[in-house]
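Below are two complexes that have chain A in common, paired first with chain B and then with chain C.
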Partner chain A sequence: MANITEKLSKLFPQATIEGENTPVMTVPAAQWHDVARTLRDNVELKFDYLVTIVGMDWTENLGCIYYLMSTDADIIIGVKVLAEGERSMPVLPSVADLWNVAVTYEREVYDFFGIVFLNNPDMRRLFLNIDWKGFPLRKDYDEDPALNPVSTESERQTDFTDVYTRSDDGKIVKTPRRIFEKEEFVVNIGPQHPATHGVLRFRTAVDGETIKKIDVYCGYIHRGIEKLCETLTYPQTLHFMDRMDYFSAQNYHHALCMLYEKAAGIEISRRAQVIRVMMDELSRIASHCLFIGTYCMDLGATTMLFYTLRVREQILDIMEKTCGARMTFNYDCIGGVMQDLAPDFQDDVKALLKVLPANLKEYNDIFTGNVIARNRLEGVGHLTREDAISYGITGPSGRASGWACDMRKLQPYSIYPELDFEEVVMTEGDSMARFKCRMKEIEESAKILEQLVDNIPDGEYCVKVPKMLKLPAGSWFQVTEGCRGAFGIYLESDGSTKPYRLKLATPCLPQACVVDHITRGQKIADLITIGGSLDYIVPDIDR
Partner chain B sequence: MEVTTKSMPYEAWKDNEYIEKLVKELQESGTNVVVGSLDKLINWGRSNSIWPLTFATSCCGIEFVSLGAARFDMARFGWEVARSSPRQADFMMVAGTIVHRMVPVFRRLYDQLAEPKYVIACGSCAISGGPFRKSYHVAKGIEDIVPVDVFVPGCPPRPEAMIYGIMQLSRKIKVEKFFGGVNRQEKQKEFLAAHPIEGVED
Partner chain C sequence: MQDFSLITSWIDNSLRSLMPGWLTVTVECLLIGVGLLLVYSLLALFYIYYERKLCAAFQCRLGPNRVGPFGLLQSFADMFKMLIKEIIHLDHIDRFLFGLAPYLVIAASVMAFAVLPWGNGLQVIDFNIGIFFLIAVSSIGVLGILLAGWSSNNKFTLIGSLRSGAQMVSYELSIGLSVLTMVCLAGTMSVGGIVAEQENLWFIFKGHIPAIIAFVIYMIAGTAETNRGPFDLPEAESELTAGYHTEYSGIHFGFFYLAEYLNLFVVSGVAALLFFGGWMPLHFPGWDAFNHIMDYIPSVVWFLGKAFVLSFIIIWFKWTFPRLRIDQLLALEWKYLLPINLVNLVLMVLIIVFNWHF
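Right, the complex of A and B next:
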């Protein structure tokens, strides 16, 4: 790590660098675009993956922290840039030309903080209506429901987006730009549509049956979790992790607990570590099973759902015995886990591992080799490795494109470094590869469970933690692996019992936004194949 | 009169006073025998094949999926025909959070359901906003948007609870009157008049 700090300070003598594990470099806004280009293109650095953009309101000024990762060296750095201009119109240069995913992330920051990004081709709100008053994540946001009432009136929509640029004399100019061309035929798909997997909406421009462009319209389940977290104490924030990507409930819980423990300097027992990892992997199997089932159902193979839900139910039973719930487990807590394992946990897991291979074989027999399935999946929705990185597509979808992005390997955490499992990476990059990748991951997860099931050490399941947990002032960033990809959390604490800012960078937002890129030129029927294969969860997109 | 459905023993219901009160209210106006038997026939048919609209916004919806699978198998009760179009569905299982942006869409879906139509508020989010009640972008319960027939509490409700909820609905349908008497439709009209869609003039 010292190495990277040195390199950075040599390249950017004007920047200040702090932090040990994840160095954070502060750069003036005027230089940010050039610095960003160097960070991405310099052969020694090659920060080609933009993990997330954290919008921040430090009350006296607004700004962003960009988290970048180099896929070669597995190093994460942060770059802090303060916005220029008044609070009424703070501006930052856009980096959308360097990382494709930045278009969406910058829109999100604009929506929440009102920071305008110059030269971003699509500077609209992302989750909230165009008539929304105020920027909700600012500290001085007025939450009065009378300002933004619940209304049954259809929201106002526009066919235009804005591009902000700086003219030669330094003024900011706003230019409207058409989202769709005037003569384009636009079909609306969603938000109430069985194949969008939740309330997501695609405004699709079509030419006959060929897709020309998709405008992804989210926010139909935007629940404002990040803002809510700022009003709750640390242990209270945990339960939201169950309700974003509800299939990765355990994994997300694990991630947030780990971050709090890191910040508070709490060491947890080995028993708790093992239990957490086992729960994570059980969740992964259940999640992938449900993916296979619903995906096949989207494609018309309804039977598969019944086969895959059988395994899922078995896993839910195991979880229920220990956690007491079927979906919103709230099991991991700061210091370990809520309660000890159920007495027959080990037997149940063994029973599951026993039936799993036969089930997988059955899935393959029914679906994978099927001619119809192969025709519909193979070669459809191709995503290259470069695009996967630039669009920030992590998880099985990214690995199907040949990008080894498993955070369990890249940013090892908990007991994963000791475990023997393989990262499933495929090169085809089509829908079939994404499907198969998940199939194989089930096997790998089973392998992890096999290693652990007989080796759960004795000890306490939860260490003593102060009732009112206070974290020292500071900031932390961490990336872990959920069931659908890299889950990043940024935490800033001001020393109180509540987070000052908690940013949840979920894997599904980029996955939904890449749909436009992948589907261009494909047939409209393939939209379902492609969208399904990316396996996004809409509450995870919107949070 | 003991109103029950799907061979549930009458004593097993937890809210018999409510249904008895409802029946009494309905019968106050009195009905003639022919119309009464016609009602019974229609209600028997309707209460045994209520079709849901596939409408799920978040976590609760996944439990609804489990309901469709082999283990909880709602096909046992004639509810398995989940329709994707509101025009073909009888009731709406509102499973999940309803946020500001979704409200107009949700209301339109409700308006598009064909009569007679019913709504089940499933899960604490639909009932009150649930864990997100204090959020700036969440509707605090769907009761202000559409008339609700049955509430199923839980976060998410267990599939068994959902089954119980839909059975409650089917029981309510059993005592309804479509000819004369206090008609459900009138109550609905009252509600809709009290909660008009803003910005639309008739």
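Right, the complex of A and C next:
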């Protein structure tokens, strides 16, 4: 880590660098675009993956923290940039031309903080409707319901977006730009549609059966979790983790608990760590099983859903016995886990591991080798490794494109470094690879469970933690592996019992936004194939 | 073998002795119409039950088992629900065509239904172009689907109906050609004649290789023709919500639903007629005792049994395979099935000319 700090300070003498584990470099806004280009293109650094953009309001000024990762060296750094201009119109240069995913992330920051990104080709709100007043994550946001009443009319729609540029005399110019041409045949796929897996809308311009362009329209179930967290104490914020990607509930819980424990300097028992990892992997199997089932159902093979649900039911039964719930478990807590394992947990897991191989074989027999399935999936929705990185597609979808992005390996946490499992990486990058990747990951998760099921150490399952947890002032960033990809959490604390800012960087938002890129020129039916294979979960997009 | 023409001619004679000729014909037409509609709806209800039970078995479930013994009355309850549901009136649609479409679909399947050989002497009308008539009327259905999609004024239904148009027009070719192959073997287009030709041996055995090829193609094309999975693109629910009938409700939707099941029966019935002897029991030349025993099973049972077994195969397709994409679907027809079919027709003709069949 000292190495990277040295390199950065040599390259950017004007920047200040602080922080131990994740160095954060402060750069003036005017230089940011050049610095970003160097960070991405310099052969020694090669920060080619933009993990997330954290919008910040430090009351006296607004700004962003960009978290970047180098896929070669597996190093994460943060870059803090303060926005220029008045609070009414803060501006930052856009980096959308360097990292494709930045288009979406900058829209999110604009939506919540009102920071305008110059040269971003699509400067619209991302989640809130276009007539929303105010920017909710600013500290001085007026929450008066009279300002933004619940509308009884249809939301206003527009076919235009804005592009902000700086003219020669330094003024900011706003130019409207059309999203769809006037004569285009636009079909709304969603918000209520069986294949969007939730309330998500694809405005799809089609030419016959061929897709010309897709505009992703999200925010229908945005609950403002980040905003809500700022008003709740640390233990109270945990339950939201069950309500984003509800299939990775355990994994997300694990991630946030770990971050709080890191910040508070709490050591948890090994028993708790093993339990957490086992729950993570059980969730992963259940999640991938559901993916296989629903994906096949989207493609018309309904029967597969029932075969995969059998395994998922078995896992949910295991979870229910220990956690008392089948969906929103709320099991991990700061200091360990809520309750001890159910007495027959080990037997149940062993029973599951016994039936799993036969089930996987059955899935392969009925679907993977089927000629229709292969025709539908192979070569459809091809995503190159470069695009996967640039669009921030992590998880099994990214690994299917040849990008080894498993955060359990890259940013090892908990007891994962001790475990023997392989990272499934495929090179084809098509829908079939994404499908197979998940099939194989089930096997790897089973391998982890096999190693742990007989080695659950004795000890306390939860250490004593003060009821009113106070974290020291500072900021922390942590990336973990959910079931669908890298889940990043940024925490800034001002020393009180509530987080000053909690940013949740979920994997599904970039996955939904890449759909436009990989469906162009494909058929409508391929939209379902591709969207399904990316396996996004809408509550994870709309947090 | 029992002959239903004894009963039908008895009815005819006794009616004729009671009333003048024109009235007899009218009464008979009415009787047949009522009978057909009754059988039609009962069969549709049975098929709904049949598919739900089969599907449940494939999916490790039980299927309907609450209403009536073994859930047998479930489909009656469902139909009753469908009958009393509100028909939602939409604005901005072509009302006339919108209302006409379900009737066209149902009329096409009822007409095709009428020509099927139900049993020995149990056929509504047996004329010399029977099978030709059957193909002709069953293609009217696509018109209803196109109208439904167009008149609904909805983008999903429009795409669904266009897909359906492309699909059904293409697969009609395959159906026509495989039927033609078998007509060559039979030497007649009359439904009764085709059945009679199979008195000694069913065509699937008699025509061996080309007949089996024609049968496989017929089953594939027939599945596509009925818009069932894996060819259910016109109503691919994960892509187009419900395809061409998205906007229909109440009994109008029920008509589409019933027609779909009845088309399944018609397709299986025609397959039974062309390849498995219609109502003709299983006969092998020379096996007199065996043939005699087979004759004890009533002809209606033979026909329905064959149709149900063939439907089972089509239902099995649906619950196993994923759906094709539109370009793959059309490529399958035009690049594979059609050329194979044409070659197969030539092969069949050669076999007939050189008398190589059994």
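The definition used in the following text is that the second predicted complex is superposed on the first by the 543 of 543 C-alpha atoms of A that agree within 3 Å, B and C clash if a C-alpha of one lies under 4 Å from a C-alpha of the other, contacts with A are read in each partner's own complex, and residues count from 1 in each chain.
Here is the rule we use: a residue touches a chain if its C-beta (ideal position, glycine included) is under 8 Å from a C-beta of that chain, and two chains touch if they have at least 3 such contacts.
Quick caveat, the model's predicted, so the values are computed rather than measured.
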Figure out whether A:Val116 sits in contact with chain B (first) or chain C (second), or with both, or with neither.
-> neither
Does the superposition put A:His193 against chain B (first), chain C (second), both, or neither?
-> both
May I ask you to decide whether A:Arg310 touches chain B, chain C, both, or neither, giving the answer as first, second, both or neither?
-> both
For A:Arg376, is the partner it touches chain B (first), chain C (second), both, or none of the two (neither)?
-> second
In the overlay, answer first, second, both or neither for which of chain B and chain C A:Asp298 touches.
-> second
Can A:Val274 be said to touch chain B (first), chain C (second), both, or neither?
-> neither
Scan A:Ala525 for contacts with chain B and chain C and give back first, second, both or neither.
-> second
After superposition on the shared chain, which partner residues are touched by A:Phe240: those of chain B (first), chain C (second), both, or neither?
-> first
Residue contacts with chain A in the superposition, chain B compared against chain C = B
Would you sort A:Leu509 into first (chain B), second (chain C), both or neither based on which partner it touches?
-> neither
Indicate the residue numbers of chain A shared between its chain B interface and its chain C interface, in ascending order.
-> 193-194, 305-306, 310
For chain A, which residues count as touching chain B in their complex?
-> 127-129, 136, 141, 143, 148, 150-155, 191-194, 198-199, 219-225, 227-228, 231, 239-240, 242-243, 246-247, 290, 294, 305-306, 309-310, 313, 326-328, 538-539
Tell me, which parts of chain C touch chain A in their complex?
-> 55, 58-61, 155-156, 159, 163, 229-230, 232-233, 236-239, 241, 319-328
In their shared complex, at which residues does chain B touch chain A?
-> 54-59, 61-63, 65-66, 68-71, 84, 86, 96-97, 99-105, 107-109, 131-132, 134-140, 144-145, 155-156, 158, 195-200
Taking the complex as given, what residues does chain A use to touch chain C?
-> 185, 187-188, 193-195, 206, 209, 296-303, 305-307, 310, 366-367, 370, 372-373, 375-376, 523-528
